[in-house]
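Take a look at these structures.
Two complexes come next, and they have one chain in common, subunit A, joined by subunit B in the first and subunit C in the second.
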Partner chain A sequence: MSVTPEQVKKLAHLARLEIRDDELAAMTRDMEQLVALADRLTALDLSQTPPMDHVLPRANVLRDDAEPVEFPREQALSGAPEAVDGCFTVPRVVE
Partner chain B sequence: MKLFTMPALMLARKIHEGSLTAPEVAEAFLGRVKELDPKIGAFLLTDRAWTLEAAERAQRRIDALKAEGKPVPPLAGVPVALKDNLCTRGVATTCASRMLENFTPPYDATAVERLFESLMVPLGKCNMDEFAMGSSTEYSAFGPTRNPWDPSRVPGGSSGGSAAAVAARMAPLALGTDTGGSIRQPASFCGVTGLKPTYGAVSRFGAVAYASSLDQIGPIGRTAADCAALFEVVRGRDERDATSADIDQPACLRDIGAPLDGMKIGVPSQYMGEGIAPAVRQAVEAALSRFRELGCSVTEVSIPALDYALPAYYILSCAEAGSNLSRFDGVRYGYRAQGAGDIDELYLRTRSEGFGAEVKRRILLGTYVLCAGYYDEYYKKALRMRSLVKAGYEKALGSADILMTPTAPIPAFGIGEKVDELSMCMADICTVSVNIAGLPAISFPCGFTDGLPVGLQAIGRPFGEAALLRAAHAYQQITDWHVRVPALSEGGRA
Partner chain C sequence: MKYEMVIGLEIHAELNTRTKIFCSCSTQFGAEPNTHVCPICLAMPGTLPVLNRQAVEKCVTAGLALGCDIAPEAHMDRKNYFYPDLPKAYQISQLFRPLCTGGTLEFEYEDESGQARIGRVRINRIHLEEDAGKSIHDLYGASTLLDFNRGGVPLIEIVTEPDIRSPEEAGAFVDRLRSILRYAGVSDCQMQEGSLRADINLSIRPAGSDTLGTRTEMKNLNSIRAIVRAAQAEFLRQTEVLEDGGVIVQETRRWDDAKGRSLRMRTKEEANDYRYFPDPDLLPIRVDGDWLRAIRDALPELPGSKRRRYVADYGLPEYDAGILTSDPAISAFFEDAVACGGDAKAVSNFIMGDMMRIVRERELDFAALPFSPADLATLVNRVAEGVVSISVAKGAVLNQMFEAGERPDAVIERMGLRQVSDEDTLRAIARDVIRDNPGVAQEYRDGKTKVLGFLMGQVMKKSRGKAQPAAASQLLKEELEK
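Coming up: the complex of A and B.
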C-alpha cells in the first residue's frame, strides 16, 4: 500500500506529533518503506490461525489485596515540569 | 592478569578472598572509563559518589557476612554498567532521549534493586538508541557510541553502550534490554556474550517500556559463566510485573560445566541462506564443527514462518511503542515545551520537540497499523503470524535441544552507513523472531572477519537458559574468541 504525505500528516495528528513541511517528504518515504515491509504479511491468508496477543499463557494475575507502599506526593511530583500546590499543572482546559 | 581483563566471577572471587576490595575494583573501572570512554562514548553518565558509596556498602556487608560465616553472593563487589532505560533512584535515566534528559526516577527498577541486594556496584548508565529503538546506537540523542574493535563502526544496538563498555573492558558486566535483538546483536558486533532471557524470566518493572510483550532485561558479559551469574541475580518473580513468571527457574551457573554429550543442535535453514554474509556463514559453520567435536549432533531444520517474522515484529513492536510512548505528554515527568497556549499544543510541541526522528517513525507506523481499517490487515495479522512463529519454534525445539544461527547477518557496519529504514531493519533479521516467540537466546563470539567479531546465536526452549549457557560455556572452554581484547584497550589486538 502506498503512503501519501496527507496520510502521514493525519497519522502525525493522531499521535500528537508535528511533521514539519520540510520533514514531510523524507518521513513519507521512510513510512513507505516500513509499510512495504509490513505489507509482506498482507498477501498471506492466515484466517485459520488464531491471533496470539501474548506468549505467556497467563491471565488474571492477582496480587494480595494490600495497600502497597506508594511514593509520598512530593516525590511523585518531583519529576513534573510544573507543579503547583501538590498538583500537576496543565494549560487551562475548561473555560 | 590485569584487573580489567578478569572475568566478573574471578573479580568476585578475589574480592571474597580479600586480595581485592570492592572500592578498589570500582575505582579501577571508573579510572578506566575516564581514560577510554572519550574514544568510545559507551557511557552517558558516571556518578563517582553513587558508585563508591555502593562499593563501600558492599564491602562492609561482605566483611560482615564472612565474619558471621554466612554465604556471600556470587558477584558481590563486582561493578555492573546499566543501560540508560533502567530506572535508578536519584540517578538520571534518560533513555538517550531529549524527552527524559532531566528525568531522575524516584525508584530503582526491580533488576537494579536485585543488583544492590546481591551487593553489586553500579558503574554508570550506558548509551543506547533512543527509547531502545534502533540497531546501531546512532539514534541516541546524545551522539553515537563507537565500536571498540573499529571506532569508525557502530557497536550495534540498541544496547550498544552496554556491549561496548564490556568489550573495551570498561565494565566486567552490563545489563541491557532486548526487544528484537538489542542485547544479542550488539554483543555480536562487539565480540562479547549477551543473554536475552525467556519472556517473563526477569521483571520489567522500572525498565522504560518500548514494546511490552517483547521487552526483556538481560546480562552482557565476556563469558557465558559471568552472564549466568548475573542472570541469576536479576531474574525471578516480581509482584510489580504481572508478566514475570511465577515458577522456580532452573539453576544455570551450578551445572554450567556439564558436558554437552548428545546435545541436539538444529540449524534453521532460513537463517543460513540469502542475506547472510559469506564470512559470517563460514564462521558459524566452523563453530558448528566445534560443537560436533563437543559431542553434539547438528541437523538442519526448517521453520518457514521465520521468513515473515521481521514484518510481524515491526508491526507488533511499533503498535506497542505507539501506545507506550503516549505517556510522554509533558505533564507528569520529562520534557515540556514552553509557552503552549492550550493542552493540545502542549502535547503536540512537547512530543515533537522531545522525540527524535526514529522514535517518531515508529510511533507513526504503530499508529498506522492500529488505525480503523488497517487493524485487521496489519496488527491482527501480525498476531496470527506470532502464533505461527511460536508453533514453528516449538516444533523445531521438539526434536532439537537448542537451535543455532548467526546472531546478525553481517559484522558491525560503519557509522552513517545504513541510511535507509529497510537496510537497518535487516540487521535484526535473525533475532526478532525469538522475541516474538518469547524464547531465550544467547549470542557469543565465534570468529572474526576483517578484524571484526562475528556472533553465534543459540536459541532455547522457554526457561531453557541453562542449556544455552552450558553450550556457550563449553565452546568458550575450547576457543579464545571471547578473551580477545580490542587494540584500543591494553592487551593488544586480536
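Coming up: the complex of A and C.
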C-alpha cells in the first residue's frame, strides 16, 4: 500500500504535529515502510490463530467502587502554567 | 410531497457510582471546581487507569433491563481528538466490542392527535465510556477555564436504531428509558444537571419510501420537551430545504431552546477523524457465568412489570398505574403506604392528585418528603373512618404535613378538624343556611331540587368543610321540607 504526502499531512494535522515541507518526502517514505511492515501480517494464513486481544493474558483487572479519595486542589493545579478561580486556563476556545 | 421523519437517538447517561470510572475521585455533582480530580483523571504522564467494577455492572444492568445481549468479552478503545476538556487527548470508550448489543424498548405514547400508540425501538448497542470535563467560556476574557470534576465520570451511551417516526415517539422513548434506568438503579437521569443527555439523528424521506435520507445530528437537548420541539423544528427545516430545491447537508446542529431553533455547529467535512484503537492500558472485560448471573439476580422489578402488577393486584386503572410507576420514588412511596394499611385506590388518589401537584410546585422529591408513607396511610384511613372529610384531608391536613411534617392525627386534633356528624350542630347550620338564602330555599320547595347542591355548598362553607356530607345533606332536606 502506498502512502501519499496528503495522507501524511492529514495525519500530522490530526495529531497536531507541525511538519515542514522539506520533511514531508522523508516522512512519507518512513510511513510507507511502517505500513509495509504491518502489511506482512496479511500475507500470513491466520485463519486458525485466535486474535490476541492483549499482550497480557489476563482479564477483569478491576477495582471496587469504594469510598472516594480526595486530592488537594493546589497540588492538582500546581503544574499548570495558569490557573484562575480554581480552574486550569487555556487560550480561549470558541465552539 | 408528503415527508416522514426518521429518528435515531444517542443517549448518554452518567452512571451513579460513587467514584469515577478509572480513579477514586468522587463523582458528586456541584462541587467546587477541580476538587474531584487526581493525577489519573488529569492525565498526568505515567498514571494508569483501573476500571471501576460497579461501572461495568451498571452498564450490564442497563443492558439487561433493555433486553440486550451481554458480550462475553468486551474491550475499551481510545477515541482520539483534541479538545481542552479532554486532558488525555483521547476518550476511553468502546467501539469494536461494546458490553451490550441488541435489545428493544416497547412503550405506550400518544401521537400528535392524541391517539394511543405502542412504540417499539431497537437498541443497537450500549457501551461504557468516560465523561469529559467542563469548559467555562469567560464572556469577556481571553481564556477558557477548565473544571475536570466531571472528567472521568462513568457514562453509558445508548444508541438506538432509526426506528422512531415522530417527535412525540422520541420524547416518550426518552421518558420511558429514563424511568427504566432509574428503576435499574444505574443513573439519576437528571436532564437539567446533564446526567442524561440526548442527541437526535434525524432525516426525512418521502412518506412510504424505505431509503434513508441525509441526516443531521442535533445536540444540547436537556429536557424531554426540548427533544420534542427540536425534532419538530428540524423536520420542518429539512422539509423546507427540500421543497426549495435544496439538499440536506450532513452536519451537527446545536439546539437553542429559548429561541426554538437550531444552528449549525460543524459539517461532516469539519468532523473529527477519531482513529479508534484498542486501549493497551486496559485489559479485556469478561462478564460471564456467575458474575452475569449475580447481576441478573440483582435487577430490580422494572416499571413495565410493576405497572401490570398494580392493575392486577390493586385494581388500579392502567393510566394511574402508569403514573405511579413512572418514578421509582413515587412507586416506593405508594407501595409503602399500602403496606402500612392504606387502601390502594385511596392512596393512589392522594398521590396522583394533590401530592404530585405540591411536590411539583415546591420542587420536592418523593424520596425525601417531610412525612412518611405510614402518615399517608393514617390520613387515608381517617377519611375512610369518617373522622375527617376528604376535602379537609386533602386541604388543611395534607398541607400541614407538607409544611411541618406534623402527624395527621396531631393536625386533626390541634386544628379541630374532626368531621361534625352531631345532629344538633348540623341542624343548626342547615337552618342558618336556609334563613340566609330564603330565595333559593323557596326554589327548592317549588320543585327545583338541583339547588340543593348550592345549599350544601353553603353548609360545608359554614362548617369550614367539617360537616359530614351525608348526614348534613339529610338534615338539610328535612329542614327544607318542613
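In this text, the second predicted complex is superposed on the first by the 78 of 95 C-alpha atoms of A that agree within 3 Å, B and C clash if a C-alpha of one lies under 4 Å from a C-alpha of the other, contacts with A are read in each partner's own complex, and residues count from 1 in each chain.
Rule of thumb we're sticking to: a contact is a pair of C-beta atoms (placed from the backbone, for glycine too) under 8 Å apart; a residue touches a chain by one contact, two chains touch by 3 or more.
It should be emphasised that the depicted structure is a prediction, and the values quoted were computed from it without experimental measurement.
In the superposition on chain A, contact is made by A:Arg40 with subunit B only, not with subunit C. Contacts of A:Ile19 after superposition on the shared chain: subunit B is touched, whereas subunit C is not. Of the two partner chains, subunit B and subunit C are each touched by A:His54.
Counted by residues of subunit A touched, the larger count belongs to B, out of subunit B and subunit C. In the superposition on chain A, A:Asp65 contacts subunit C only, with no contact to subunit B.
Once chain A of one complex is fitted onto chain A of the other, the partner contacts of A:Ala76 extend to both subunit B and subunit C. In the superposed model, A:Gly86 lies in contact with subunit C only, and not with subunit B. According to the touch criterion, the shared surface of subunit A, contacted by subunit B in one complex and subunit C in the other, consists of residues 14, 16, 53-56, 58, 61, 63, 71, 76, 79, 82, 88, 90-93.
Residues 17-19, 24-28, 32-39, 42, 44, 50-56, 73, 75, 80, 82-84, 135-138, 141-148, 254, 265, 272-273, 275, 278, 280, 282-286 of subunit C touch subunit A in their complex.
Taken in their complex, subunit A has these residues touching subunit C: 10, 14, 16, 53-56, 58-71, 73, 76-77, 79, 82, 84-95. Across the complex, subunit A meets subunit B through its residues 3, 7-8, 11-12, 14-19, 23, 27, 30-31, 33-42, 44, 46, 49-56, 58, 61, 63, 71, 75-76, 78-82, 88, 90-93. Within the complex, the subunit B residues that touch subunit A are 103-107, 199-200, 213, 239, 242-243, 245, 308, 310-312, 314-315, 318, 322, 326, 329-336, 340-349, 351-352, 355, 357, 360-361, 363-369, 371, 377-378, 380-388, 390, 420-422, 425, 436-438.
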